[in-house]
Amino acid sequence: MPDVIAETLHELIVATRILANEKVLDAFGHVSVRHPHDPQRYFIPRHRAPELAEISDLVELTLDSEPVRPTEFRLYSEKVIHGEIYKARPDVNAVVHHHAHTVLPFAISGREIVPVFHLAAVVGPVPFWDQRDEFGDTNMLVTKPDEGASLARALGRNWMVLMRRHGATVAATGIRELVFRTVFGSDNCKLLSQAMAMGHVDSLSPGEIKLTSAHQQRPPSTNRAWDYWVRQVEKAGLMPAKAKAGAKKSAASPKRAAAKPARKTAVKSRSKKRR
Amino acid sequence: MPDVIAETLHELIVATRILANEKVLDAFGHVSVRHPHDPQRYFIPRHRAPELAEISDLVELTLDSEPVRPTEFRLYSEKVIHGEIYKARPDVNAVVHHHAHTVLPFAISGREIVPVFHLAAVVGPVPFWDQRDEFGDTNMLVTKPDEGASLARALGRNWMVLMRRHGATVAATGIRELVFRTVFGSDNCKLLSQAMAMGHVDSLSPGEIKLTSAHQQRPPSTNRAWDYWVRQVEKAGLMPAKAKAGAKKSAASPKRAAAKPARKTAVKSRSKKRR
Amino acid sequence: MPDVIAETLHELIVATRILANEKVLDAFGHVSVRHPHDPQRYFIPRHRAPELAEISDLVELTLDSEPVRPTEFRLYSEKVIHGEIYKARPDVNAVVHHHAHTVLPFAISGREIVPVFHLAAVVGPVPFWDQRDEFGDTNMLVTKPDEGASLARALGRNWMVLMRRHGATVAATGIRELVFRTVFGSDNCKLLSQAMAMGHVDSLSPGEIKLTSAHQQRPPSTNRAWDYWVRQVEKAGLMPAKAKAGAKKSAASPKRAAAKPARKTAVKSRSKKRR
Amino acid sequence: MPDVIAETLHELIVATRILANEKVLDAFGHVSVRHPHDPQRYFIPRHRAPELAEISDLVELTLDSEPVRPTEFRLYSEKVIHGEIYKARPDVNAVVHHHAHTVLPFAISGREIVPVFHLAAVVGPVPFWDQRDEFGDTNMLVTKPDEGASLARALGRNWMVLMRRHGATVAATGIRELVFRTVFGSDNCKLLSQAMAMGHVDSLSPGEIKLTSAHQQRPPSTNRAWDYWVRQVEKAGLMPAKAKAGAKKSAASPKRAAAKPARKTAVKSRSKKRR
């Protein structure tokens, strides 16, 4: 059982590095995963740029986005995005919130995202959410449980929700599906905007979305893409060290992890890889 | 004779790495070459991201896209694209199917691709094919021989065919011509879309296409470009090891190759090159 | 006290490398910081491409942009941009002048920049300045105190000013805030232009700008982004050596620093880092 | 005297690497320089991708684009572009012919290039030339002296000429001015096309062009930019070995140079630099 958790935490960090390397995440944004054995909890890094997050930076939160154990870590102010979606959607096991430059023009212009090529069928319909509608002028961050719950309602039964003047949140049944949907969802936005500039957009039919989505969510497809993105992360010198039996410990006792200069370690392991 | 095959398989992998490095291929897409001595067969990698494919991943298929020898490898579900084009076009010896971001806006908008600068004269006319027209709602993959044959008919006597909401397939008389046509065809789409945004497009005349295409398909031109792209692959640390006499063996006995951790080997050979 | 100065000069060079690495600066542009102990002085590199500037290239200038000590260094012809803004705005402690490709289309088209996503709230209103209005045909460089003062008046109480057919100048209360505002201001222009192409732009409300800007200028936000950009600079092999106690000396005695082959040293320290 | 030639040839190769690294040149295009002591001759690499050209690949041609000494090297089919411009313009000492993706949309759409920011003032007016006008359908390459002379006439007293459906040719009084004009001319096209998409373009006045161009062509400006681009070439591992006294020899006796495996040497010197 500890192995499953260690594997999950490692995969979460790899997913985060992939999404950073694919330019979906930059200094901001965050990725989380539901606890594989306890659906009332989830793992997410402490407050830092996602590319820099290590396994030792992961904290375990309840679905109210409270730390399971006391921690000195600063946490993401928008962690409720994750907690409230996990509450509302028992079928969701992984969530990313991001501000990808491919997606933001749609969040700014209010133009609808529709799947326009087969690999983006997994995105499906993408509803809008405007924090201003329900909460008026705010600091535009989803920091209160009510705000997170409102966003989760806007997401509904879908897998991606656009946040006006802010970004997007994507959900999935697992980490690899999440990365697949997020990267090809980002590609879809880039391609859609270019087709829009050409004056005509031909989108997938409902039947095509259903059949193609089912096919692309199967492991041969998500794994083939995962292996490719992992290779890109390796080439960029960003691959985290493989999970060990002890890995769970650091997530469970963040205080001790905090005492270690996590960042220095990361730099060292990277330079080793480069040789 | 074995040297010709080894050289061909090596060139196929180099071509694949070039097209990955030039961002024509990503996690998906595939490149194949007709058997240099047996026109009823072709070589194509097993099911994996093209950048990761090694010579030991190549399988030999009949034109019905069946493995010549039993193999435990998973094969590309769209291999019939290659087999059916080789059947219909004896003059074609190399094929690539891809979803380049430069080309997809045309597959989505339905706007016509025309050659707009001299290096893209080799692309020629580009017909459309819509899987939906003949087969209705599908999972959008070209997996059945009938679907492949339909695509080959749409290609006709041309060298490139656009697949609506999906991608493109490019053919050539040889591997280097294929890479030349694919890369400059991709550049052409990028430049054409930018000229379209400026409100006017001046395309090559039929006479210019004929004369320029003939010139650019000659070895001095395709080899000069090939050498340049190879250098870019070398700089990216992606060059596969040179073909040896034994190389044919791995393609001929995929089972044994499968037993080897092909990927690990690749990583090792790359890091060596980096030093 | 010397430590504060050494830290400030080091941070100035890191900021410069970040803005070069993020493609805001190229061969041209410059970053300065007000003297931490003497508000009548500021530090800025000698005349060279910002990415190449070392701590030993920094000179100390009065607010009239005259060297505090005699120097053989060639200085930026546009240093008055910095001096005149420091004069007019006691609350400003860091300034960058740049020609980022994201921002220039607005300087050329005259279209207004408005904040369109939360991270760009810190940009606020962006006035225009046209050197031609007051000075007629010039060599388009802001080289005279009068020209600098005119630009400072156009900036007014804002934090960014667009210079027609030229570029932009950004101000901040400190170095990290400057980098945050400059990078996300650049991102904002890129995203805004893409939304404009989609035919509709939804910008932040005045209330959202006020609340969001206040939040994003707090250290947890600017430091998180700073750490991310520093990591990118490290990955690019561009991180300058850490400030030492002696660092102030080189800025104070530029003649001696000039005698050292500053550039060679830089290259060496980089290649060391790469190993 | 031999030192001047060796320095010139080295600078020509550095300029070529800069323009390759800045994505102005790819597999095609070429850069030349007039002989510093004999205005009736010029140096240009043999037929190969410009990034791959070494000093030992340089050949010396007459203004009729004939080799001064017998050579076994294949030469660029478009060398007459260079020879005919050197004939027509005694003030021109360096020429580049390229197909930069920033410039080509103008060559395809026929929209006029105008300088839109100060650093591009050095580009000046850019006339069009259409090979089809005078020569009808061709293979679109400028291979005959008549074609080169026609292009030189279209260039006239200007410094850049657009070639319809083909590319551009840029001239300068020296190598560093050529690189400056070419890179910022390319940037200008990118920025101009983005401003065009915004619906308004504000270009430099004739007075601004004159004053700004004079300033930017002075050594402090061209050298500052040159040093920056050289640093980028160094970072990319593309810097050629420094010219030695013997360098002139290889250009003077290409046969002997051809016997050496020029390419292998280049790769070796690069990997050395990387360590």
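Letters A, B, C and D mark the chains in the order given here, with residues in each chain numbered from 1 onward.
By our rule, a contact is a pair of C-beta atoms (placed from the backbone, for glycine too) under 8 Å apart; a residue touches a chain by one contact, two chains touch by 3 or more.
The structure presented is a predicted model; accordingly, all values stated were derived computationally and were not measured.
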(message) Taking touch as defined above, what minimum step count separates chain A and chain D?
(response) 2
(request) Give the chains in contact with both chain A and chain C, ordered by label. (result) none
(message) On C-alpha atoms alone, could you tell me the rotation angle mapping chain A onto chain B? Nearest 5 degrees is fine.
(response) 90
(message) For the two copies chain D and chain C, is the contact made of the same residues on each side, with over half of the numbers shared, or of different residues?
(response) different
(request) Report, in whole Å, the distance between the mean C-alpha point of chain B and the mean C-alpha point of chain D. (result) 33
(request) Could you give the separation in Å between the centres of chain B and chain C, each centre being the mean of its C-alpha atoms? (result) 46
(request) Enumerate the residues of chain B that touch no fewer than two other chains. (result) 197, 274-275
(request) Specify the contact topology among the chains shown, as one of line, ring, star, complete or other. (result) ring
(message) Per the touch rule above, enumerate the chain pairs that touch, sorted by label.
(response) A-B, A-C, B-D, C-D
(request) Going by the contact rule at the top, pick out the chain B residues touching chain D in the complex. (result) 116-119, 121, 187, 190-192, 194-195, 197-205, 207-208, 210-212, 214-215, 220, 224-225, 227-229, 231, 234-235, 274-275
(message) Show me the residue ranges of chain A that touch chain C in the complex, using the header's touch definition.
(response) 26-28, 47-49, 51-52, 74, 99, 101, 104-111, 132, 136-141, 164-167, 193, 196-197, 236-237, 263, 267, 271, 274-275
